[in-house]
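Pasting in a structure now, in structure tokens, and then I'll have a few things to ask.
Note that the chains are named A, B, C, D and E in the order they appear, and that numbering of residues resets to 1 at the start of each chain.
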Amino acid sequence: LGSTGTGSEGSVSRVPELAPDQEVSIVFESYNFGQAGAWTDTFNELIAAFEKEHPNITVTAQKPQGNSANPATDTISSLQSQLTAGSPPDVVQLGFSDLDFTINELKALPLDDLVGRDAVQANFDGARHPYAPSARTLGDWEGKTYGVPFVFSTPMLYVNKKLFTEAGLDPEQPPTTWAEVRDAAQAIDRRTGKDGVYVDCLTKTAKDWCFQALVRSHGGTVISDDRTRLTFAEKPSIDVVRFMRDMVREGIMPNRTQTQAVESFARGDLGMILESSAIQGMFLQGAGDAWELGAAAMPSFEGKQAVPTNSGAALFVFAQDPAKQRAAWELIKFLTSERAYTTIATKIGYLPLRTGLVEDPGGLESWAADNPYLAPNLAQLEHLEPWVSMPGPSYLQIRDGMMQAVENAVFQGAGPAEALRSAQQEASALLPGGER
Amino acid sequence: MSRIQLQGITRRFGPVTAVDDVWLDIADGEFLVLLGPSGCGKSTLLRLIAGLLPPTEGRLWLDDTDLTHVPPQQRDLAMVFQSYALYPHLSVARNIGFPLRARKWPRAEIRAKVAEVAATLGLTALLDRKPKELSGGQRQRVALGRALVRDPGAFLLDEPLSNLDAKLRTGTRAEIAELHRSLGTTMVYVTHDQVEAMTMATRIALLDEGRLAQLGTPSEVYDRPASVFAATFLGSPAMNILDATVRSADGSLAAHGKGIELSLGIDAVLPDRPVRLGVRPEHLTFAPAGGRGIHAVVTAVENLGSEEVVQCLAGEGRIAVRGPRPLGVSAGDAVTLTARPEHLHLFDSASGRRLTWQPESVPASV
Amino acid sequence: MTIDDAVGEPRVRRLGGHLVLGVLSLACVFPVYWLYATSVRAPGDVYSLSVLPWPLSTASYADAFAKNDVLGMLLNTGVVAVFSALGQLLVALLAAYAFVAWRFPLQRLLYLMFVGTWLVPFQATMLPNYVLLSRLGLLETLAGVIVPTLCSALGVLLLREHLAGFPKELLDAARMDGRSSWSTLWLVVVPALRPALAALGILLAITAWNEYFWPAMVLQRSNAVVQLGLRSFMGTEGNDWGPLMATAGLACLPVLVLYLVLQRHIVNAFVRSGLK
Amino acid sequence: MVSGTFVEVAPPLRAREAGVVPASRESWWTRARRIAPPYLYLTPAVVLLVVWTYQPLAQTFVLSLHSWNLVPGTPMEEVGIANYERLLGTPELGRSVWRTVVVILGMLPFTVVIPVLVALLTRRVRGRAQGVYRALVFAPMLVAPVAGAAVWQWLLDPSAGAVNRVLGTDVNWLNTTGTAQLSIIVITGWHVAGFAVLVVTAGLTGINPDYAAAAQVDGASRSQVTRWITLPLLSPTLAFLVLMTVLLSAQWTFPLIDTLTQGGPVGSTTNIYYLLWEYGFRHHDAGLAAAAGVLFFAGFIVVAALLTRLAERLSHHDD
Amino acid sequence: MSRIQLQGITRRFGPVTAVDDVWLDIADGEFLVLLGPSGCGKSTLLRLIAGLLPPTEGRLWLDDTDLTHVPPQQRDLAMVFQSYALYPHLSVARNIGFPLRARKWPRAEIRAKVAEVAATLGLTALLDRKPKELSGGQRQRVALGRALVRDPGAFLLDEPLSNLDAKLRTGTRAEIAELHRSLGTTMVYVTHDQVEAMTMATRIALLDEGRLAQLGTPSEVYDRPASVFAATFLGSPAMNILDATVRSADGSLAAHGKGIELSLGIDAVLPDRPVRLGVRPEHLTFAPAGGRGIHAVVTAVENLGSEEVVQCLAGEGRIAVRGPRPLGVSAGDAVTLTARPEHLHLFDSASGRRLTWQPESVPASV
């Protein structure tokens, strides 16, 4: 084991194990505490269990400061304020979109250095069920693991089976391509008077994860592979935007905010919605006895393979003190353990990253069996590609600029090509090495 | 012609009856002064006439029209408010021209008329000033100008001089009196200052707690006050009021009290009757000590400059005597005061109302 | 006495006034009513449009209580509102007293400093203040929520206006009677200003009660004030309308009750204060 | 025959003319005790003011001359006025300033016109109704912005909301570029109108009723009285309200924007404060945000000074 | 013993000099009245004495101590404010007891002392009321009580009667005078009412624009005003002032003017000298028409109740004449007015200061 000294720019030395009687208290910041109900309860339960297992470690849970309706959008500004104040939380749950910034600007600690690559990999391998291969590297940067992927969801096409039936469609055969989606939406719109479809990938609030998926499914990218050039104003993106814009113009995709769309679907006023699998619970609750929920994989564009991306978050360590760093790692290990995932999946409905669990009779097998929506979700993992975070300190401005252009073109009547092009031009200046 | 008639006008504010069943008939061209202590309902009565308050009961006539429900805009009256109520944001010229503007006169005519009024009031040099740049007396004149500009049926003036200092007051008082003489318009003038009331009124209406206590010419009110209230309200120092008993002695009546014996100059025999005896300070004279009259001790001598007021104590009552300086007495002197019978006023000891002597044959007043 | 006492007000116009006012008042209270109506609807009826919520249900309240420590939040918010209002009153009273009872060099400059706080964007001072609080170790405490708000420019300005109308001779009289300025403040000024202080205090308390921005920054570890509790029912996944409205209803209730009870005084004191 | 002269009676002794000016020395201690009290009473307020407002403002100013991502340890780079140049170069700034102007203009009916109307009308009705109307109009003020936002979000919901269902429309009020700003203005207006009514009522109460009475006697009709007397005399109050609206509108809308639209759709509700917020707390561009903060502060000082000057010129004080 | 000395006291407010180099020596037990028009600096001077304002220049002594920089709390003075300044939230008893409470007297003693003071002022029945439940006169007495309760070195009273109506005023005036007599404490009393000044003062200090215009007993000030200002300030109506020329004719001096010829009763020959001639309205009498005197035309007759004031026009000047009612003239009459030489006042036409006649041999005043 290495020395216990701390480096200047955050500790990158190996941290020692905790002595059995060494009292440590750490702060865990997660946006899941911002939401009342199942989320908070489950996490409190997990933390209680962790503290029982590690009596010498006390965990204080907190939500990000700030007050956005979606606490997940406050994570970075919250962390930044606390860093500025010199008292960052020890373990933080941050989205993949912020990966570049988290590691390069906020200096999240490399776990490989902190506890050793072996330990990190051992955790990924788990006791019985390893991480899904596509999930293992989501928190890596230039070959080092900084964050342990924790929660994870994929875009799914949810359908209202009742409306499908009413519209004379087959509820057991949800659309698999976007053309079919459009036809089905038309049918629903015309026959039931309800709204046809909503694609929750096209607004600034939705962030860019599933817009990236749409563009990639259409053979494009939003940023070049070497991350030095923005490419979202190129043809594949424009075509995607145009296609979506046309659905809006036809009146089969309503102009909604994310919240409104989700509520509307939950209420049974919307035929289909492309939405994160994380929200499934809300849909099930909304459906109740009034209508039946159906789920399908993300549709593809004619003749192309659909490429879903993942949304979700990883756990990062910001602790400055070796003991806390070690305790933080213990917490991460616990929260990504088989046991934790079993709890999270059953209580909240999140997809377990240890996919093997769904076949484990002692794990989630019965839960999976009761959950017919799981299969398409799992099937998508095969083609899953990571959510690419934008580079540089202005990454959010870039992302928001892009999504704002998309939103403007799709819902507010701007020309897709011009909107995307001018957004790309403005955003390019914000890239590292850009004009700025 | 503007005759204003009040028929049983009453105004209540919740439990307070500010004006209580007042009947008044104000003839055209009259200068009626409303007089009374603070809070007796003077302003309220004026506001009732102006239409700024609806009466709770009673009716109001202007000549032959029933004004009771006519809004103030349509009554042909001009009012000068106690506070002047000059529009603070308008220049003197626009203040004066305001009533004409409301009547949609053409601008040029308004300007001409305002200039004319301003000239008569000596305001020409001030026309562009704002009210706050004026002295109290100038403000007063602007308020008058605003009323004068339109030649109304009657003027209502609410204590227009109360904010002026003594010197300015005397001057303005004379101006208003002159104005009334020259215009001949009916004026209703509220004041709590008796000098104003005495010098300006053709008739005085004395109010007490909302009721009409006495109505008459200034000298009637001063010389023959109808009640103790009226007697003590007018005059400075106020009329001396003493408890006494009217008793016949030697076939003629005299007022008796502690250290008091004053002949009433009436030859009659009557049973004893308790009364309140009133005599004005200026009507008392010093008599040789020991004679009949009021026996009193001087407590203080006040020098008013031209006159002196001597404060005395007679029995338990305080008595003031007023006369030209010097009166020649000083504190501590024992004096005897007398007054001519015609200067003695008798009031009923219970109701306080004036008593007059009604001989069996010829009426004669006490 | 107002002009509207005058003779000859046509009845029709008065009715017209009632009509306009009625419509406006309705527009003002309707959302408030709707908030409460929604909060007592049965969970399935949350989207119902019927004006009268029927059948009544307390399910939303039960839900709100189950998911959040609503009582604790109300208590915390109450503590914040009361102490913040009292603190602001005290500070503002002292400052306003100084401005009114003395003339001194720098008076105008100092006064402008107070007015100037209206011009400083809150967003610009937020982060430095947060860092300072953190250094003072006041994060996660109610004191941290209260202390930075203690100097209320509005309070100083309003009280100064009020005090300016206070007869100066009373202050002089107290001096002649042998009082120090401090005891004059408490024995003469405060009792005479009581209605104004109460009205202002209530206004400040309402503002503090409704504040959520700063608490959201300082109190991360719990839904420590009730306005933040509201947030926890809002989310990307849609709002949980029932408990959201129930919590909102509870959040407004104390203020509403306070207002209804003291309505006359608040409005009167305000009106009399001659705020110009 | 006697001869003599008239002599003037001498005025009373005036020593200064004779050059004798008596003086009394005050000890430093009595002097200090005489001068200190107002400063002592101001101390708590001024300390709080400096610590929580002006000191941070100064920091912000310093920050505006630097480029820094706020992370301790990373170097703070001095960049002079580069941040200001960058700020003035962004097209967003101009747009948000314009939107702020729109918000301010849109708020004026709620903070001036409607309150004046309500206050004038409530004076006209009698008795208890007066108080009831005032109380009802004030009620929204009591609702926390978040709670208010929640209700309005509900009422404005495009498919289930009461507004659309009542109006029979199909508008997504909060998510359409044309109507989002309008909605924000209306909701903010709903929230603050009661306060403004209170202020106007207070102002009206402060006007001596004699003026209106005099005007009535002078023959002015009701509407003339209102136009020629009441409103001009109310002008200081109105000026206060306008000033408040101009300075605080953008602040008032902030919580609503943050809850309801997050500056969207497509930035159509991003006014200067929201922009400042985005720079500072979403884009973590501390230098730019600080520059914006300083710029807005300076801008508002200018606006406030101009407005006060103007108001003083235009308004008529009753004294 | 409380002798108050003001040595060159001056107070400036920015450019305004409210009190200008005032020297006063107020003896123990004196009743000094500060008199003067509005804004002349009376209140300021009183506040300087009280210590509520520091003087810009000059020193202030109480007996042998230099008070100039002593805070008001430590000066042994009691002040009654123009507005009474009663603490509105305290009962009458606590208002009166307030100064004792500040001096940490024991409760029981305070109660006893308050009861005693209340008894002498007739306030015993009102002790539990709040100030707003009192009439103006009662408030006045409470304010006095608050001053009396502590037996101070001197009383300072600032227009304590200005808010009362005429009747109440007369009564309270007498009470204060009596109080001064019985206590013998020094009093400095500010007023703008000359009747108060004349009746109560042992000495009057007349202020004009911050300067002492005259200092003397009431009769000195009334009978021998030191300047036109003093002459016109006291007296109602004010002294008539006319422009005239002193001219010798037949070896004796007379004042000549437009329609004026009045003998000064001085035998002397002098070059012509322009003067301002003053004569009080009550000193003018009607003489047979056509004789020597002031030729005037009556413009108005005002009835004051006991007396009449006749307004006349003489040349361009207005003249008022006052005398007992009835004077027997009416508007429009041409009259001749005379006055005895000793009632004529001469003032320098430039400085406005009084002129006295200084014979070469024996001094004699005009």
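By definition in this document, a residue touches a chain if its C-beta (ideal position, glycine included) is under 8 Å from a C-beta of that chain, and two chains touch if they have at least 3 such contacts.
The structure presented is a predicted model; accordingly, all values stated were derived computationally and were not measured.
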{"item": "Chain whose average C-alpha position is farthest from chain E's own", "value": "A"}
{"item": "Leading chain pair when contacts are tallied as C-beta pairs", "value": "C-D"}
{"item": "Between chain D and chain C, distance of the C-alpha-averaged centres to the nearest whole Å", "value": "17"}
{"item": "Centroid distance [mean C-alpha coordinates] between chain E and chain B, Å", "value": "26"}
{"item": "Distance between chain centroids, defined by C-alpha means - chain C, chain E (Å)", "value": "54"}
{"item": "Whole-Å gap separating chain A and chain B, where each centre is the average of the chain's CA atoms", "value": "92"}
{"item": "Residue numbers of chain D (touch at least two other chains)", "value": "70, 146, 160, 213, 216, 259, 281"}
{"item": "Two or more partner chains touched - positions in chain C", "value": "1, 3, 6, 9, 47, 127, 212-213, 231, 234, 239"}
{"item": "Junction residues of chain A - those touching two or more other chains", "value": "66-67, 69, 81, 84, 86, 205, 263, 267"}
{"item": "Residues of chain A defined as touching chain D within the complex", "value": "8-9, 66-69, 73, 76-77, 80-81, 83-84, 86, 105-107, 195, 203-205, 254-257, 260, 263-264, 267, 269, 393-394, 396-397, 400, 404, 407-408, 411-412, 414, 436"}
{"item": "Residues of chain E that touch chain C when the two form their complex", "value": "47, 50-52, 71-73, 77-79, 81-83, 85, 87-90, 98-99, 102-103, 146"}
{"item": "Chain C residues within the chain A interface of the complex", "value": "47, 67-68, 127, 130-131, 133-135, 139, 212-213, 216-218, 220-221, 223, 228-229, 231-240, 243"}
{"item": "Chain A contact footprint on chain D (complex, rising order)", "value": "69-74, 86, 146, 157-160, 172, 174-177, 258-259, 262, 264-267, 281-285"}
{"item": "Residue ranges of chain E touching chain D (in the complex, touch as defined)", "value": "7-8, 10, 21, 23, 54, 57-59, 66, 68-69, 71, 211-215, 226-227, 246, 251, 266-270, 273, 275, 346, 348, 351, 353-361, 364, 366"}
